[in-house]
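The structures considered in this document are given below.
You will see two complexes here that share chain A, one where it goes with chain B and one where it goes with chain C.
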Partner chain A sequence: MKKWISLSIFLAALLLTACSNSETGQEFTNITNQDWEEIEASAEGSTVRLFMWGGDEGINQYIDEWVTPQLEDTYGVSLERVPMDTGEILQKLQTEKQAGKQDGTIDIVWINAENFKNAKENDLLAGSFVDVLPNFNEYYDTEDPAFQTDFGTAVEGMEAPWGKVQFVFHYDSEKIETPPASFEELKTWVEENPGRFTYPNAEDFTGNAFLRHVLYANAEQPSDIYEQPLDEEQISEAAEGTWTYLNDIKPNLWRSGSHYPNSLTELDRLYSQGEVWMTMGYNEARAESLIEEGVFPESTESFVMEPGSIGNTHFLSIPFNSTNPEGALAAINFMLSPEAQLEKLKPDYWGENTPISIDRLPEEMKQKFQSVDRGESVLSQSELEESFLPESEAAYVEWMEEQWFNEVVQQ
Partner chain B sequence: MKWSSNKSWLLFLPAVLFLILPLYGLAAAISQSFQQQGEWTLSAYQQLFQSDRFLSAVGFSLEVAFLSSLLSLLIGLLFTRSFYPYLASHTPRLIVWMPMLFPHFVWGYMVILLLSETGVLAQVFTLLGGDDFPTLTQDSRGIGIILTYVWKEVPFVILMLLPVYATIKPEYYDLVKTLGGGAWSQFKQVEWPHLLPVMIETFLIVFAFTISAYEVPALLGTTFPEMLSVLSYNWFYGSSWDDRSLAFAAMVLLSLFILILTFIGYIYMNKKRFRMMKGKS
Partner chain C sequence: MKKSTFSLFALILFLFPVFMLVLQSVSETWRFQSGEGIQFQLDSFDVLLSDPNLWEATGWSFLIGTVVLLINLVIGLGTGKALTLYSFRGKSLVEAILLAPILIPVLAIAMGLHLFMIRVGLADTWLGVVLIHLVPTVPYSIKIFHNAYRQLGVSMMEQPLTLGSSPLYQLFTIELPLMKPAIRSVTFLTIVISLSQYAITAIIGGGNVITLPMIFFPFLDTANAAIMAAFSIWFSFLPFGMYVLVEGALLLLPYSKKPWRISQ
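On to the complex of A and B.
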């Protein structure tokens, strides 16, 4: 009996291994206070683990086939990409935080929007670091509002802008001559072509963004939404319009709206099989690689509608318990460099837009950026800029998830 | 004497070590289901019972899990009973157990490839001149989920029931036959008493699994109604971390429900065994 007790005490002690409250914040400030040369020197020869959403082959190849070897050559830093959904990455960090684990396995995390908000509010990030990155200071407009707030959450230097994307719709130009130009026209189109349109459900990142577009379209002007913190009373009229619109199109959606695709992948599959004639996505150039792989028909083109298309910036950040913050800083600095951004812009791998200020680049680099051909299916830069709408506060995402379920699905 | 008690102690140790992680997880889940923003409260449970979404998920989950388990058991029983002489040899047995080698989500994808509106079966159906292929996957009745589970669990039921049939002595059948009993009496008098405890056990295992597993309903389920596991996952990984206590509360209630079911099954079976030991029936 005695042994039994002592053993249980021992096991309990094992489980509750002391939550040592070491001063992460202070340590991290000491690191970022060093000269950049010192940071680079201590980064050399180390391994950096980048945890990121791994659902896009083009993005994965860009990291594995371009960034990793280049980083090894320039900084001697070896990069390990670990695919994981961002929500799960944060959960892992949260669990480690609760367990008091100071030596984490994640050095860099790809993050934005409500994930950033959750990470910041729960102290899962290391702290402010963008000011030390030479490439950020030299080639980026550090005062750009798009880098100051992320879905309404103040960035405070805790994440560095890595890319920016804009929401577009895709259609098959062989089946549709002129795509709708506004949400009203989309409604008419859906009525005329029953069963040929649907959108992913509100839990999905893309589906939620589509729904926020409908909300923007039903507000008096989009800025009523994106310039306001969420206030359900104030937006009640726009919300009513949104639910009416969605319930109106519902009977003419694919499967009469009784099932919404669980993910964008599912919608893409329906589109590639010709079940539906439109798809969408939060990256204006994503159709290029899908056409190349033969998933989308070659006649796929993209369009945006009135009142505009929402765009956002996404970032790289360092978790509170990274064991290699110097390596992480060096890697992030490299991923922000004009060379890395140029390669990212080319349609070969990812084809994603850059948050870099092209005006600040040396002449030769500037020309390289301007001469990149992003592909047939991508709208022109001016068209994208004209329709650009900023994201609303992160709280809208959550609000939309809940309300859509109550107001549209259960009706 | 001392030595032997020490030894039985050691035998107990692996089980304790093995259970520590799940038990710790359960304890953590229970404690988090009672917390919101660091304060102890019952509000997660109150919110659950006021949420239509949760209540309809409960109904749907019970229905799907019950139907899947019952169908698996019935089909597995019929199959084992009809074919157990053949299943004694290796090759047919391995073929029957084949679906168990695949993970559930692989089987789920296979069902989609076969039965969705653009799947193999639908194409054959259209070729044969049919139109309007029924919606069998991602449907609001849970047909796709049930089909996947039944297909996957029947081999498991066979695995559980085969040894039972293998141990029934042929003399019992002869006895019933000499007393003039038909096929039904053979089943009722000889097989059923042997089968019942294993059937209850198998039902509990399959039911507990189907009501709480995530991947199959996530793949083959529809937007509404949804299974409890999918709803909890959405609450847990959704953008609002405040909903996490709801996810924990829902899962705690589910665990409690399964525990009670198991307990009832256990008591019932023990009673039976007790009676058998005393020689009454």
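On to the complex of A and C.
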């Protein structure tokens, strides 16, 4: 009996101590107020744990084989990559927040869009830090709206831009001579080639982006959507046009539109087997590694259509209970450096575009960036920039999910 | 069923899919519609073996799976026997409560348990992961052993008692040898369930404990079927290996037919 009493006292004591911490914000500001040299000095010799989605061997190898050894050499910081889905990371942080756990296991998270919005709203991030990063201030256009808002959520310096991707369509140039240049032409193409096109359903990240492109195309101009917060009445006309368009192409989709792929992976598999002749996705260079692995046919190329293609930025951030914020700052600063961004741009590992401002780089570096051959399937930088369209607010994603089901699937 | 029919079904339902999986893991994307044949490659295994976490993760999965299995056997045997031997008021209620964890999704209780584990200091440790893996496994073990004891019958347990056997001696000489099928079921079920927990392992293990699914599951998003197949084959070695170990342990029980002894 005595044992039980002491055990419950012990547990109660734990509960009490756990609930008495709330000075994170202040502590983090103290850290970011230091000089950069001091931050670097205290980062040296420490370990930083980077939690990120781990489902792409190119990205994993970029971190394991390039970033980790380089970071060790430059800053003496050892980086540990931990594969975990962002949803689980946020749930873990949320519970730790509730329990008042101040010594977390995560130092850096890879994040954007709705996840960032959730993390920010629930105070799961350490605070504003991008202003202290020398590489960010020197080589990035700090005023760029793409770094100021993330799917309509104000960034406020709480995450640093790591990469940017743009939505493109892929096609097999052996089967299609000239890809469609607008959504109208796509419609005609689908009619002429029944069963050779489909898109992932609206719950999928990519499928939803495709649908938002259709919405952009049916508005007076795309900025009517991405500059406006979601107002169903205001966009009712564009929405009508979108549903009509989708219902028109439906009978000529793969399996007559009775079934949509559940994920981009499914669509990619259909494309890789030659069932459908087009696929799509964020990251304009993603076909390169798939071609090299022999998953996509070698004749795969990409295209964008009028009125443009949506692109977004993804970021690195620091959670509220990181035990090594100095190390995290040093590591993020390094991952934003021209050298790291250049290696990321090369198709060897990842082949992903950089948010860096090429104009601000020293001449030699500039040339290196411009001479990177991203691969045959990737559109030219100017073509991508010309067609670039920003993301709309995160609320559109949810709206599209619900409406698509009612207006298209159930028709 | 005739033996030949059985072999035929085994071939179609088991051997053929396994063969396809192995074939997929060493070949490039299949494009049969376009008239291409199969092209072989070994890159998928390169990717698999180049993952720096692979061996560590396999080790963690093995350790956690083994401990979860041992605890399951202890709890399952004890509870199963108690439920068979004793009758008391509210027994069906107790049985229902013991089964409850598999009726409620584990993720729904994971958050509450995570909170608790943070407070007692078990979060981010492998012991915490073992505990959370007990939630979706123990109810099955209890159910299986409860049934096994019921089939054995109360008289079978009263007999050794009247002859003066100690409970432990009785367990090893009578109960375990007679309940081998139940032990096999529990072994397989427990290991497979424990091995395939992704979300709860990620949350409770906090990235300190990297198990196989944590490397494996994100690759479900890849269109490269060969990599998926290679991972699946690697994945299947663990339960298979542990099953063989348990079979070996079962041979040590008294009254077991030893394969190295020629039977009459």
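Everything that follows uses one rule, which is that the second predicted complex is superposed on the first by the 392 of 411 C-alpha atoms of A that agree within 3 Å, B and C clash if a C-alpha of one lies under 4 Å from a C-alpha of the other, contacts with A are read in each partner's own complex, and residues count from 1 in each chain.
By our rule, contacts are C-beta pairs under 8 Å (C-beta built on N, C-alpha and C of every residue); 3 or more make two chains touch, one makes a residue touch a chain.
This is a predicted model, so every value here is computed, not measured.
**Student:** Would you check which partner chain A:E275 touches, where first means chain B only, second means chain C only, and both and neither mean what they say?
**Tutor:** A:E275: touches chain B and chain C.
**Student:** When the two structures are overlaid on chain A, which partner does A:E376 contact: first (chain B), second (chain C), both, or neither?
**Tutor:** neither
**Student:** Have a look at where A:W53 lands relative to chain B and chain C in the superposition and call it first, second, both or neither.
**Tutor:** second
**Student:** More chain A residues touched by chain B or by chain C?
**Tutor:** Tallying touched residues of chain A, the top partner is C.
**Student:** A:E398 in the overlay: touching chain B, chain C, both, or neither? Say first, second, both or neither.
**Tutor:** In the superposed model, A:E398 contacts chain B only, not chain C.
**Student:** Could you say whether A:Y260 touches chain B, chain C, both of them, or neither, answering first, second, both or neither?
**Tutor:** first
**Student:** Applying the touch criterion given at the start, work out whether A:V295 contacts chain B, chain C, both or neither, answering first, second, both or neither.
**Tutor:** In the superposition, A:V295 contacts chain C only.
**Student:** Which partner does A:E339 reach: the first (chain B), the second (chain C), both, or neither?
**Tutor:** Neither partner.
**Student:** Does chain B (first) or chain C (second) touch A:E138, or do both, or does neither?
**Tutor:** In the superposition, A:E138 touches no partner, neither chain B nor chain C.
**Student:** Does chain B (first) or chain C (second) touch A:K101, or do both, or does neither?
**Tutor:** Once the two structures are laid over each other on A, A:K101 reaches chain C alone.
**Student:** Residue by residue on chain A, keep only those touching chain B in one complex and chain C in the other, then list them.
**Tutor:** On chain A, the residues that contact chain B in one structure and chain C in the other are 11, 15, 85, 88, 91, 273, 275.
**Student:** Mind listing the chain A positions that touch chain B in their complex?
**Tutor:** Listed in rising order, the residues of chain A that touch chain B are 3-4, 11, 15, 85, 87-88, 91, 113-115, 118, 122, 201, 203, 255, 258-260, 262, 273, 275, 394, 397-398, 401, 405-406, 409-410.
**Student:** Note which residues of chain A are touching chain C in the complex, please.
**Tutor:** Going through chain A, the ones touching chain C are 11, 14-15, 18, 49, 51, 53-57, 60-61, 64, 82-85, 88, 91-92, 94-96, 98-99, 101, 105-106, 263-265, 268-269, 272-275, 290, 293-295, 297.
**Student:** Quick check on the complex: what are the chain B residues that touch chain A?
**Tutor:** Touch list, chain B to chain A: 9, 20, 24, 52-53, 117-118, 135, 138-140, 218-219, 221-224, 234, 236-241.
**Student:** In their shared complex, at which residues does chain C touch chain A?
**Tutor:** Those in contact with chain A are residues 28-34, 39, 41, 43, 47, 50-53, 111, 114-115, 118-121, 123-124, 199, 202-203, 206-208, 210, 214-215, 217-225, 227.
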